[in-house]
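Residue numbering begins at 1 within each chain, and the chains themselves are lettered A, B and C in the order written.
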Amino acid sequence: MTELSASAEATPADAPVVSVRGLKKSFGGVEVIKDVSFEVSQGQVLSILGPSGSGKTTMLRCINALERPDSGLITVDGVSLDYGKGKPRYRDILAQRRKTAMVFQHYNLFKNKTVLHNVTEGLAVVQRKNKQEAEAIAGEALEAVGMSGLEDRFPMHLSGGQQQRVSIARALALNPSVILFDEPTSALDPERVNEVLRTMKDIASRGVTMIVVTHEIRFARAVSDTVIFMDGGRIVEKGAPDKVIDHPQTDRLREFLNSLASREFE
Amino acid sequence: MNLDVDFMLSDLPTVFAALPSTLLLSLDSMFWALVFALICGGAQLARIPVLDKVTLVINTFIKGIPLVVQLLFCYYAVPYAVKWFDALVGRTYDPRHLPYFGAAVLALALNFGAYITDVVISSTRAVDRGQWESAYACGMTRFQALRRVVAPQVIVISLPNMTNYFIWLLKGTSLASIVNVTEMLTTARLSASDGYQFLEAYIDAAIIYWIVCAVIEWASGRLYRSAGRYLVAPNGATAQ
Amino acid sequence: METPLQILSKVVPGIISHIPQTLLYWFLPSVLALALGSLLCWARVTNRRNPLYWICTVVISFFRGTPGIVQIYIVFFGLPKLIWAIGYDVSDWTAGVYFIIATTLNLSCFMAETLRGGYLALDRGQVEAGLSIGFSRVQNFVHVIAPQTLKVALLNIKNLEIDVLKDTSVAYTIGAVEIMGYANRMIALRSGLGQLWILGAAAVIYFVMCAVLEIAFNLMVRRISRYEEVAR
């Protein structure tokens, strides 16, 4: 059964920033990802759609090694981890994590640190920047997400939308090769979803490479360069957003698109 | 009922003067108990093979033995331990300066360490998995994540339980009076033995313990509310 | 010079023969404290203008804020004087009675707080359901409130009971004889490492008793939870 739909994929001129080949993962005997491969080029936005249980979140988490695949080759900006050849070294895992940054569904801001320190933490501890430099970068990142002025607040005292934007600033400040978004708006109240989606659109327009797992179809259609539809652990359709979303080739994708209630974006 | 109130008033300062030794014994024991608990808790949390089962067995055993038995055991073991150690190091054995205080600290530290291990483990597990994950996603090592993000939260979360055990430990130091250690109860008993006013002396001691425990509980509550303010959203919710 | 085995063979039977004494010092206070603790708990959940609430709060604070051994001494020296003031002479009471009284008072205060925790965690919907099907206040208490409170409090009660069992080892300080009283007597008769062996034997026996108690309580908790499943 072919995984790819008939639409054409973009052929990158340079080497891809993210490359996933032959990814397989099982949880307790159940195969959750059944041989997935794709690539993302510099500056591109890839959206991944699919019903729950399709394996899309697990796959995203394999890219920064929060989940360990059973087999597959994952390359991020030159750092390769080949899971088919036994357990990768911790040093390599760290190296790959330092090329990526993640925005979580439940924000996962460091509860015991202020907004500013949440953003500077990675810069200071991992990238060993000094305090001034870290705070300058953090300031810029917070401004980019529209959260300047709230540096001294603690995460628990912010709304979900504000927390998520700080989370995006934290990822941005690290200047990673790719930012991974794991259903970033699924835990938000409906009124807050737009502020985060707008922020993400801004980020995308700055040329940041992004992989976004989301249910927001309209966002995916408006902002992505490539859309992947996953179901049952496989990529079922893949291609340019207007092709995949407006002209679904398979029944599964058609059912999925119909079942999602449309939501206003912009 | 004739209570010698004059004696009670005059004895109060005498008993109170022994409060520092009680506090010293408590803090010393609490420190070593924490060390013991961090080792055992760390072994079980990190699932270090062999060590995690061994510490679990040791703790289970300790929790099934009365503190009195542990104190007496350490007390009677002191001369032999010291003799063995002196022979090892080449010192002469001096039966007049035996470390009975240290023996009491050992017994108290092991006893409470076993209970505090559970607090360490449950408090660490109470920290949301997402805190670890986002630290890793930023590229932090396990140690960095622990030190900078998780451990500070564990300390705050464990504060109420730790206070309870510390108060329990403070009360437990009174049993050290059985094994030749000078603290408040020993002092109270000694001060009363001339005139047989034991009841009055013990009531004095009880009052001082009561006040000290109440103060510790109040202070800890204040500390928890201020340090833990980042754990609670303004509307009172603690979930994300 | 006795070998450890000789010491143990003499002392262990003696220790075991004192187990009933220890169990008595554990059982009586447990039962009495459940009753007294329930009363104190009730006083603590009534409204704050009731003077009983404040009296009980102070009493509970005292027994939880002072060491057990000090409470035992105060009861031992003070209770006779108190009763003497009313006109009775109790100089022929055995030390064990004072130990039981002191332990009961102490345990009641801890029980009260534990029960209160269980009561506050009660699902209000259950109480209302009981009233709505026509239970009187008493029936509602017996069939809805009490069992549910106990169920939640049971794990904490288990820990309290294990502590009571271990704290019987303090009784010998006022002359009430149980395992530790006997063990100490045996220790005084000997010198040398034999003392440590005797304490070790006592430790093992306490451990076994606590383990039995823990398993018994765990079974009880499981049985009560299972009843809940079936009832649904």
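We take it that contacts are C-beta pairs under 8 Å (C-beta built on N, C-alpha and C of every residue); 3 or more make two chains touch, one makes a residue touch a chain.
The shown structure was predicted, so the numbers you read here are calculated from the model rather than taken from an experiment.
Counting hops only between chains that touch, chain A reaches chain C in a minimum of 2.
Among the chains, the centre nearest to the mean of all shown protein C-alpha atoms is found for B. Here A-B and B-C are compared, and the pair linked by more C-beta contacts is B-C.
One simple way to say how far apart two chains are is to compare their mean CA positions; for chain A and chain C this gives 57 Å.
Separation between the centroids of chain A and chain B, computed from CA atoms only, is 47 Å. Distance between chain centres (mean CA atoms), chain B to chain C: 22 Å.
Residues of chain B that touch chain C in their complex: 1-3, 61, 63-70, 72-73, 76-77, 80, 167, 171-175, 177-178, 185, 198-199, 202-203, 205-206, 209-210, 213-214.
Across the complex, chain A is touched by residues 128, 130-131, 133-141, 144, 148-149, 152-153, 156, 229-234, 240 of chain B. Residues of chain C that touch chain B in their complex: 61-62, 64-71, 73-74, 77-78, 81-82, 84-85, 162, 166-170, 173, 180, 184, 187, 193, 195-196, 199-200, 202-203, 206-208, 210-211. Those residues of chain A that touch chain B in the complex are listed here as 64, 66, 94, 97-98, 100-102, 104, 106-113, 121-122, 125-127, 154-157, 160, 163, 167, 170, 174, 180, 187.
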